[in-house]
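Below, subunit A partners subunit B and then partners subunit C, in two separate complexes.
Right, the complex of A and B next:
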C-alpha cells in the first residue's frame, strides 16, 4: 500500500533525477533506492537532498549515518518528510 | 603534384538536427538522438548532443578501444549560463548539472557507458578546434597508435551572447576515425598552405565539416594557420 506522500515522493524522485524510463509503479517502497534496487548514485543523493530542502525545508548532513538511514528506501524517506517537514 | 596525406579518414559519423537530409547514411538529422549505446541511468544526464555523440562513437569504435580526442569551443553554453544565473541569485546549484559542466563531460559519460579506458582529451582552442584536433591526432598516430577517433561538437550560442558572434553557430557534431594506414574506401586527408586572401573569416564549425565530408564543399579553409584541407577518395 502506497501512501499519498510516498506517491508524491516517487514523482519528486523521477522528475528531479530525470529518470526518463522509470514510472512510479517501478519504484518499490521497500526496495533500496541507491546502488541496488532503483540504482541511484552519489550525485543523485546530493540532488535528492537539495530537492528535499527546496520542497519540504528539510536540511540533512550530506554524509552522516542518519542520512544513509533516511535514504534507504521510499518508506524511510517518507517517514523523514513526515517527521521533519516545515513546508 | 600530389601532397602526401597527413592521415586517412576511414569512416565518419555526423549529427545535425534539422539539416536537410541528403540521404547520407553517415549523417543523422534526428531531433532527439537515441543514445541507446549508453545505459539509461547514465544517458539521462546527457542532452541531445551528448546522446548523438555516444551513438556516433559507438558506431565508429565498436570495440571501445580507441583513444578519443574531443573538441568544442563553447561546450554547453545554455547550461553554463543557467548555472551562472543560479549563482547570481545565490541559489544552490544542481549537483548533477554541476557534475556535467566540465568540458570532458560527454567523453566521460561515454567512456563509463562503453567501458573505454583509453586516453581521452577534451580540447577548446579559441575557434581553431579542427586544427588542434588534427595536430593532436598526428601526435598519437606518430607515437604508434593505429587508430584515433576525433570528435568536434558545437551548440548554438545562447541568445544572450549571440551579438558577439558574426556568424551563428549551428548545433552539430561530427566524429572521424583516422589512421596513418591507407585503405580501400578511406579518404586521404591532405593540407596546403593558403595565401592570406584565401583564408576564411571564420574557423570551420562542425556544420562546415559536415558539408566537406558530404562533398558539398571541396576544401575546408582554416582561419589561423592559413591552411586548407582536402579529402581524396582512394581509387
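Right, the complex of A and C next:
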C-alpha cells in the first residue's frame, strides 16, 4: 500500500525533476530511486534535496552516507520526512 | 555607364539600366495578358515601394522584410537599398521572431502582420548609392547548431560571390525557378540576386509544389523554347513524385541546384532520373556563403568554388579563405571535418559538438553515434535544453515497428535505450527528454533547425501543450500532425478520479492551435458541429491529428479574385502565407486517431478576427 505521504512524494519527485516519462504508478516504493529502478542521478539528488528543504524544512548533507540511506527508495524517503519534517 | 570592371554584378545595379522591355520576371499565371514583368514595370514597382517607405520613415533606417514571392521581395529590397536603408531578413515569420526584431527598431515590411506594402500609385524610382562597404542585408542562421546567429553581409561580399557564380554557371537568359526561401543566403543569391544581376528572368512567384513545377516548365517552354534553372533543396527533391509525366518537360531544365543540407545519394539519382539533368549541390553556410559544389552521380567529393582556398588541420577540421567572407584574407574554421586533396575535399561530418551537462563536458556527437548504432534506431540527435542544467533531449528516428504508442511502451523503450548507453556514459549525462519520430523533422531548408527543436520540446515549458513530434502538409489546407499526450499535462489531473484522460475541450483547443501554427488559420472559433469523443485519450498515448480546412468563398470573400497560395514544407513560413484566407469563413475538420481508434472528431467554424490587420 502506498501512503498519502508516499503519493505526495511521488508527485514531488516527478514535478521537481521534470520526469516526463514517469507517472506516480510507475514508482515502486521499494525500488531504488537512483541508478537502477527510477534511474535518478547525482544532479537529481541535489535537486531533490533542495525540494525537501523547501517543502518540509528538512536539511540534508549533500553527500553523506546518511543521505544516501534516506534516498534509497520511496519508503526510506517517506520515513525521513515523517521523522524530520518541520513544515 | 556601369562600372562592372571595378565591381561585380550587384554594385553595377543593372536594374537601373534604360532597357524598358527587358524581361525581369515571368508571370506564372496562364491568364495574364503578358507573360512578363518588364524592367519598366519593375522600376515603377520599386518606386511604388519607395513611396510607401518615404511616407513612413526617413532614411537611413532598418526594415525587416519578408515576402512569399521573389518578385515582391526584389522590389521591396531594392527600394530600401536605393534609399540607403538597411534590410533585415527574418528567418521565419513566427511572432516571437518578429517581436525580437521590433525590439531592434526595425520596421515591418512585406507579407508579415503589420507589414508596410507598396503604395498603389506607381512612381519613378530614386536611385541612391550602393557602397561596397555598406551592410546590404542582415541574415539569421537556421540555428541547427545552436541559437540563431545574426550575420551582416556587405555589398562587396554579395557582389564577389555573385560574380563567381555568374562566371561558373552563367544563366544565359534561362528562367530561374525557385523552390526555396529567399530569406536565407542560398535563396537570396540564387533565386533573386543572380537573375537580377545577370539580366535573366525569374518566376514572379515561388514554386511550391511538384505539380506547379511540371506545369510551369511546360508552359515556359511552350512560350519561349528556352531552358530553365531550378533552385531547390533536399526536402523538395526527395519528394518528387513518380506519378507526374516528367518526360513531357524533359530537356527544359538545364541545371538543378540543391543546398541547405547534403542530398542523399538516392535522392540525387531520383531527381536526375525524373528531371533529366544532374543536381549541382552547393555546400556552404550562412556565415561563409558558398564553399564548394559537387555532382554526386559523378563524384561524392566536393570541389571548392573558384577563389575559395581550403585546407584541413590535424583534427580534420576545415579551414577556408574566400573573397566573400567578412575578412577575406583570414583563414576561417568551419564546424565540418574534411579530408582535403588540392581544391577538392571529402566531407567527413560535423566536428564533435560539446555540451556541459550538470557541469560535465560531454560529446553530443558521441551520443548521436552511440544511439544511431542501436537496433531500430535510424538516426539520433541530442541537444542540451536550456534552463535544465543543460540536461539533454534526444530526437530519435525509429523503425516504424519500434515506435511507442502508449505510456508503457514509451517508458520501456526509454529504459532500454538508457540501459544500452549506460556502459559508455555516466548516468547523469544520459538524455532525459526523448522525442521519438517516424520521419526526421526538417524545416524548408532541409535542416533540423531552431524552429523544429523548439516545437519538439515546447511541452516542457507549456504544461497545456501536447508533445509535437512532426507533421506533414498535404497542400495548403490540410495537415497531419503527430502528437503525444504528455504525462504531466496540466489538464489530465482530476478530470475523472480514477483514470486520468485528456478532456474533449482540450482536443478542440489543440486542433485550433495546430490550425494556427500549421495552416496559418487565425480565425476565431464561432461554432462547433458533429463533435464526438468516442475513445478516451490517455497520458502517454501517441495520436495523429488530421486537419482539413475548406474556405467558404461566397459569404465573406470580398476580393475580386482569391489567390490560393500553395505552401512549402516549412509550417512556420505558412503562418502568414495567405492573408485572404483569413478574411473568409473557414470550416476546419479535425480528427484525433491512434492505433486504438478515433479519440475525437468534429467540425469547427472559424470566422475572421475583427480588427486584425493583414499585410
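The definition used in the following text is that the second predicted complex is superposed on the first by the 87 of 87 C-alpha atoms of A that agree within 3 Å, B and C clash if a C-alpha of one lies under 4 Å from a C-alpha of the other, contacts with A are read in each partner's own complex, and residues count from 1 in each chain.
Everything below uses one rule, namely that contacts are C-beta pairs under 8 Å (C-beta built on N, C-alpha and C of every residue); 3 or more make two chains touch, one makes a residue touch a chain.
This structure is a prediction, so every number in the text was calculated from the model and none was measured.
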Does the superposition put A:27 against subunit B (first), subunit C (second), both, or neither?
-> neither
Identify the partner contact of A:58: answer first if only subunit B is touched, second if only subunit C is, both if each is, neither if none is.
-> neither
Who does A:35 touch here: subunit B (first), subunit C (second), both, or neither?
-> second
Go through the superposed model and pick first if A:78 touches only subunit B, second if only subunit C, both, or neither.
-> neither
When the two structures are overlaid on chain A, which partner does A:50 contact: first (subunit B), second (subunit C), both, or neither?
-> first
Tell me which partner A:14 touches in the superposition: subunit B (first), subunit C (second), both or neither.
-> second
Overlap of subunit B and subunit C contacts on subunit A, residues 18-21, 39, 41, 43-44
Spell out the residues on subunit C that touch subunit A in their complex, using ranges where they run on.
-> 357-358, 388-389, 391, 407, 410-411, 414-415, 418, 426-428, 430, 432-434, 460, 486-488, 539-540
In their shared complex, at which residues does subunit A touch subunit C?
-> 14-15, 18-23, 26, 35, 39, 41-44
Would you mind writing out the residues of subunit A in touch with subunit B in their complex?
-> 17-21, 39, 41, 43-44, 46-47, 50, 53
For the subunit B and subunit A complex, residues of the former touching the latter = 40-41, 43-45, 92, 94-96, 99
